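Heads up, there are several structures right after this.
Next come two complexes, and both contain subunit A; in the first it sits with subunit B, in the second with subunit C.
Take a look at the complex of A and B:
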């Protein structure tokens, strides 16, 4: 890491883009060709829509994760944060709260954890991985104690409706994911928030000297990522028609894989949302393909682990030359 | 982020006043916990319970000792619980057939190998330690599940189980093992060239490199030793429980890190030490024991572990900044 020369984090650098996006795209192409040959079920419309559906939750989380990684951070708590938000949402619905209010409750729950993350990381200068590992435990405990460790079922029929509904042949969750992608894209490319995300990763000191309230902006990045995880929890809850306290287990891992495959770099200032989206699709395709070949879920995680290390190693080697 | 600001010259050992502040804060924490729990539960202040706590702390220390070395080099090993699990599973497959030598050897070898893979990725490819070991975490979890195929392995030889559940004289074996390991590590870290090198890698990497220390090699070895000790801890744990399944290492990561940071070893590297980790393991064991005695829902354990970890890091950060400012 120290060997990498960090320039001013300009996202428009052509070489950065050329160097960044391919890892995910290469993997996608390889997987598509390989799986089309290996399984007759792979290249069917139902399975492809299924892959995108599977990818949607990870994709949404990976958007926030990418922003955080651009700032040289990491958020290991996003999986449990998703569980926590989902359980709050489910419990609120069962308690008879209306949909919008229950959703707000879930999002606020997620944002509180995100705020705690950001506050400790930005204002107290603690390492992101240790802070978010701590809040990982906290969010998990909250989710477990609210739900009593069990699935919250018996949700109103509207939840199922959201999962089953279609517009133009595509399920609602895919449209929701596209909307969140667009929102994050606009935030990143066309607002002060986005410029500061890159600047915090590229040159935090300069930003501070320019009189920007860096700590506040950095905190808001963690809050936004947690809010996205909260939104993703609605899709997750709708898919299973229940809120389960450990449903988010390991999702942060897939999201990190997606962001890293998409070219986000831990040396800061680098990363794109398109890359993360391609990365999420690649991870989902990988898991889907291994599923089709009857490979156990834990073995799939091992494969994703190898992919993460390979992608980061590739990035490290490229950065050195 | 794994590498502290390299231009800064940090002392290899913390200044005296920091050591004193640290010791005071830990003793206060210990005393407060013991007094509070003695009042809160009639079962706490009893010899039997203290032996339990010491035993629990010993297991915790075995798990956290290797991580301490890694943290001293300004790294982190998130794979420690998963590697412990994998090593225990592989070792158990031999032990169940009565092959103690191969069982112990294979567990240690698996731990060491995983650690070396981590270490080479981190030292030579310069991958941030938290991401390399995070990948290894899931690889080890996957391998454990494939290896075990949903089975539980049990029925180890009695001579092996002594390690985790036996006594030598009046003392439970795990306490003795932890004590011996503590002494070996105190000597290694404080009185050998290897110890100085490890402190120097974390404290002032550039100076270490310039003074001709083989920084990369020993940084890699730190993870190797961490993996080896994780494998060893795995053996002691299955010697206690007498059975193992693929999930044995699942919830061990957070307490393992908690004990190290409670022990005051700085995540920035170069500061702290193994005695701290022993005290951290003791504090942690008392907290968990207290929660059990008070009937706190087990759901809260992981949350308390997480909070304690962050609070310890936060407190030490404040203390060291305060002392740095006074000069």
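Take a look at the complex of A and C:
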């Protein structure tokens, strides 16, 4: 019987291994070294905590986005879903609902949109890009109509704890982000849910022929991603102590950027949560660095855009060799 | 205990239409326990539709399926699996981005026990995968290796091992060597030989008559949606089969009595 073993010393293999390290990690290292030298303020505890705080909301959304991208999908609606969940949460609190009930209401609102996304994509085989473009508008209109287009303020003071609260010296958003990262990691690596996330991206048909209810699992992935965005909306609401119907604007793109910097591929089957987290942190670090370097705010988006394109181009070149 | 004179699986009068075209038309097809049964025929002869009916991947319009003489309902891949029919498709079998063990257990993940039963039992599945590969004499670097990095022959062997592991009564191979080189093909056929020696029942679509005559007990030839005939390989020549493929035949079935002479049965009579 033939055996085709892979030689360990093969230089192409080593090069391929390097290619497995996501661009986000290289970027983070470069930024850390560069900014440590350039600014005495960068490596202070306060600044580092600030970076993680800035990254937290995008990081939480990018976890769900990564799962979806692994399945060869995309979810453009997660930004408006966050707005919608936040507005429901805020309106519920103003209406006098208790905290837990208002939180559940916000997350359920998000999950409904996620369920609609998943249902249309999985059961009706519609393109994720188109479906979530549609629900993008839907969620945005829901948020607008519930809030009357205005910020919902006058929230109970307890809300701020989601942003300012400290546990063991670290702010709540950092704990929440870490906990959701861990939860998603365990789901992805140690449950059927995660196994099928990868299998849907790797070979959906094979999974179907293996007798798995693929449509149901695929739908649940969109529901989970929406629930994460719903949770992130509490942190976002706490930041300004008000629920604003457009607060999630553009967050879906930051989350996609984080996932892609982290090595997720739009052709499906590939992506890691560590990569996405590194991607979200890299973007936040880059923005932080540009602030420290006094780069004008209007050019920061351009810098982030250039870095994303450069990173993906780098990946493509390494992938080709 | 299966009785070798009762067909393991029997398809009676199966018809499947796509639009106005009959992909298979009133086909009878019988497989006995322990045989390796080849399915031959030109393109569009109906071979794939036939096995897809058995695998539940296609809903036939008419016809019955009997397993061990009893009528069964097979309307979906889940149904087929429940009845012990495992199918290895040409190119749809594996998720490239998962490792060998994960592919072997795809859709049938083994979970931990007790409170931890929502978690996948990686260790158990890896051990079991290594065991079944060893039993089938399939040699792979590691069950943790992603399928993506493996050769075509290795991948096909993993796909087949998956069917074997779950104690399939019947294993259907859809052109298992279609895209493989000579060496790789040999690797897959070694595996089929090993399966035959271990008493598995196999249906194999093949275009290569040398392989059919080397490996199989009987061969069924399809021609434009109908069965041209079923031959015992030991009593036929390659020319006989070629004639059936080219010219068709009158839907005959050489039964299996002489195939595996069964001395213990003679004593019973």
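Definition applied: the second predicted complex is superposed on the first by the 284 of 321 C-alpha atoms of A that agree within 3 Å, B and C clash if a C-alpha of one lies under 4 Å from a C-alpha of the other, contacts with A are read in each partner's own complex, and residues count from 1 in each chain.
As a convention for this text, a contact is a pair of C-beta atoms (placed from the backbone, for glycine too) under 8 Å apart; a residue touches a chain by one contact, two chains touch by 3 or more.
As the structure is a prediction and not an experimental result, all values here were calculated from the model.
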{"item": "First (subunit B), second (subunit C), both or neither touched by A:72", "value": "first"}
{"item": "Touching partner for A:126 - first (subunit B), second (subunit C), both, neither", "value": "first"}
{"item": "Residue contacts with subunit A in the superposition, subunit B compared against subunit C", "value": "B"}
{"item": "First, second, both or neither for A:160, with subunit B first and subunit C second", "value": "neither"}
{"item": "Partner chain(s) touched by A:44 [first = subunit B, second = subunit C, both, neither]", "value": "neither"}
{"item": "Touching partner for A:36 - first (subunit B), second (subunit C), both, neither", "value": "neither"}
{"item": "Partner chain in contact with A:98 - subunit B first, subunit C second, else both or neither", "value": "neither"}
{"item": "Common interface residues of subunit A - those touching subunit B in one complex and subunit C in the other", "value": "1-3"}
{"item": "Footprint of subunit A on subunit C - complex, ascending", "value": "57, 76-78, 81, 87, 89, 92-98, 102, 106-109, 111, 118-120, 122, 137-141, 149-151, 153-154, 183-184, 186-187, 190"}
{"item": "Touching residues on subunit B, where the partner in the complex is subunit A", "value": "1-3, 6, 76, 78, 121, 125-128, 130-132, 134-146, 246, 253-254, 257, 261, 267, 297, 299-307, 309-310, 313-314, 317"}
{"item": "Subunit A residues within the subunit B interface of the complex", "value": "1-3, 72, 74, 76, 120, 124-131, 133-138, 140-142, 144-145, 149, 250, 253, 256, 260, 266, 296, 298-306, 308-309, 312-313, 316-317, 320"}
{"item": "Subunit A residues within the subunit C interface of the complex", "value": "1-6, 186, 190-192, 195, 198-199, 201-203, 205-212, 269-270"}
